[in-house]
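In the two complexes below, chain A is the common chain; its partner is chain B in one and chain C in the other.
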Partner chain A sequence: MADKIDARGLSCPQPVVLTQKAIKDGKTEFQVMVDSEVSKENVIRCIEKNKFTASVSVEGDTFTISVSK
Partner chain B sequence: MKNIFSSKWGIIATGAIIGILAVTLQKMGNPANMGICVACFERDIAGALGLHRADVVQYIRPEIGGFVLGSFAIALIKKEYQPRAGSSTILRFFLGVFAMIGALVFLGCPWRALLRLSGGDWNAIVGLAGLIAGIAVGVMFLKNGFSLGRSYKQKMSSGWVFPAVMAALMIMVAIGFRVSETGPLFYSVKGPGSQRAPFIISIAAGLFIGAIAQRSRFCTMGSLRDIIIAKDFHLASGVVTLLVFATVFNFIYGQFKPGFDGQPVAHTVHLWNFLGMALSGLAFALAGGCPGRQLILSGEGDSDAAVFVVGMIVGAGISHNFLLASSPAGPGAFGPAAVIIGFVFCLIVGFTMREKVS
Partner chain C sequence: MIIPADSNVLVGTGSKDDAGVYRISDTVALIQTLDFITPICDDPYDFGRIAACNSLSDVYAMGGKPVTAMNIVAFPTKKFSLDILAKILEGGQAVMNEAGVQLLGGHSVDDPEMKYGLSVTGIVHPEKILRNCSIREGDSIILTKPLGTGIVATAIKADIFDQEHVKEFISSMAALNKYSAEIMLKYNVNACTDVTGFGLAGHLIEMLQENNYSIEVDSEKIPLLPGVEDSADMGLIPGGLYRNRDYVSARCEFSKNVKQIYRDVIFDPQTSGGLLISLPEKEALHLLDELKSAGLKSSALLGKVVKCNEQKIYIS
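Then we have the complex of A and B:
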């Protein structure tokens, strides 16, 4: 899987499932793109639960969540 | 500004408020152990429109319109209104149809399963077990790359349609609209459809719940799904709070009557209580939200969720016209067969709608 996950337009809980999968695959630095406030909150909650840190940048309708250890 | 309702205490507060308002609406006239059952109330709407002619369950429930319009208003204010569509529309429609067929075999949506339990109806435990089983199957698909595909941004007006229709229905019921003395809208004069809290209270409660559910992302199916998928208890804390507060207030109002037999609008055929709710749970999991959540998403501009809701309303018409819906005596003549067809449909969707997992 690429280090950039495009989860835009996917319904619950797919953005979280994809994020989890990236973490499980041993990725420690990757980005998740989502396009709704809800998905953003969910992905961030998942990331913080797994003891990663998240930072968000906004461009148009896209939130890009950068994940790092 | 940070969204306080999406915090742990936000979701807990939402659950508490929904629980209290639901049983309070029962106290004020809504059917027992039904409070704000989304499936039941969409079924009543189907009846009021004449999509089925079961004359005991016909009424345009203001709570349903309230959920959609409350969510719509707060989403606009908070700039979360986002018209989107295009994710497997026809599949979502039929997931809605079968979700409703399953719900009417059990006689309730997940919200009502909780409200039935809070009123002492132990049959709800069987239903909730079925719900968990159905969601667990859905999670299996999700973990294996199940996806209904992306939705895409739409023009502003595409997301207005559903709230506008709901607003029109609210006005029609408020003025008591009928095309003729005997024609739609239909208003039950006996049975559960005739039991209703005053319009103004119903719609106010609906609007308020719609707004806080939008802010907190409250979802019953999601609460169980997130536990199974990620051991995430965030949404579950709200759902458990709903159950606790509804139970406490049922005690206060003297509405708590424990037992299996003789429960209001319920039957005791465990197998079909279990399988009916399992079918619904699976359909909700594949569609990404419980019926309440789908109404909230419709208000936010999600046309795919709106199509699911329309599917549920049409499904209610089919359920009653084709003798699928249960009654207090037990499942309808063809209810079990329809549940099996629903499972076949959901399994085909689950197995075929997959993105490649690399």
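Then we have the complex of A and C:
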């Protein structure tokens, strides 16, 4: 089971900060949960900037972004 | 809400202009504006300077001269010492001194979120008011400050920003538009506004009200603050940028080759942004030279006004 970062309810730029921290900590496979389009788009940019791959699934108000190398 | 008509109201609530203007004689009209912001940087003195520059800018954008001001303060007295407030006000006062503006008073409230700004009164000749939408076909458009304050502020908040670029971010916002305005007034300027919360695209769209023009923008000419591109790539983008984009993107057309950073920064909400000046092309080249010679190095000629009923922004 991959690590999960629950960034729902956090305002920008916190979700990006948590994503960047996970990557800096050496995690190569994890999920980030956010609840706004803004956070989703920003987190995806951060992941792609770090040359990781992002895929998104939506359930209700939650976007789950799966990150892999 | 119905506001009774008064023929001395030259620019009022029906306009999307930068400030209200009221004629008090054949030669003098009052410009009135107010603005206040939440902190955009850590240093209270710098915050005071930036908030004051931001508030005064609307008067310069209308072609006027600011004369008096009142402080507007919201301060969380339970969270911060009053020394912080003193520093903010000191910063504001330094800018008012530089602008030759007299502080006449102000008002403060205890508020959980810190805010500071000014209510400003300026003067202008009633026939020399610079509206934002009186652009003309063939005009060139000049911007006097680099873009990206919203993105950089977000990157600083995230603590993912190159410290060496912070100084330039602060100094750009704490630069009065007084100097660019004084130079601009030597030319036959058709329209002027300042770039603030709606971003470059939003303010260009405002220039397209009440006329049948469109504006072409050369994206590579858009001046950027250092570090903006990296921060935007990293997703350090303020919510306000997305809101601006949602609001005006239907009226913005990008050529395929436009780089991502320009597709972002054109919507970035600015604090204490530069003047956006529309004037005939030949004069624009001289104005640009003069702005640069005066040390306003980021000034750039980034667009032109074209006849086109679409009222759109074409970015190439």
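The definition used in the following text is that the second predicted complex is superposed on the first by the 67 of 69 C-alpha atoms of A that agree within 3 Å, B and C clash if a C-alpha of one lies under 4 Å from a C-alpha of the other, contacts with A are read in each partner's own complex, and residues count from 1 in each chain.
Here is the rule we go by: a residue touches a chain if its C-beta (ideal position, glycine included) is under 8 Å from a C-beta of that chain, and two chains touch if they have at least 3 such contacts.
The structure presented is a predicted model; accordingly, all values stated were derived computationally and were not measured.
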Which of chain B and chain C A:E41 touches, first, second, both or neither: both
Touching partner for A:V16 - first (chain B), second (chain C), both, neither: both
First (chain B), second (chain C), both or neither touched by A:D61: first
Partner chain in contact with A:R8 - chain B first, chain C second, else both or neither: first
Chain A residues contacted in one complex by chain B, in the other by chain C: 11-14, 16-17, 20, 36-38, 41, 45-46, 49
Chain A partner contacts - residues on chain C that touch it in the complex: 154-155, 157-160, 232-239, 242
Chain A-touching residues of chain B, taken from the complex the two chains share: 3, 6, 80, 82, 84, 86-87, 142-143, 147-148, 150-153, 217, 219, 222, 225-226, 229-230, 232, 234, 287-289, 304, 357-358
In the complex with chain B, residue positions of chain A that touch it: 1, 8-14, 16-17, 20-21, 35-38, 41, 45-46, 49, 61
Chain C-facing residues of chain A, complex: 11-14, 16-17, 19-20, 36-38, 41-46, 49
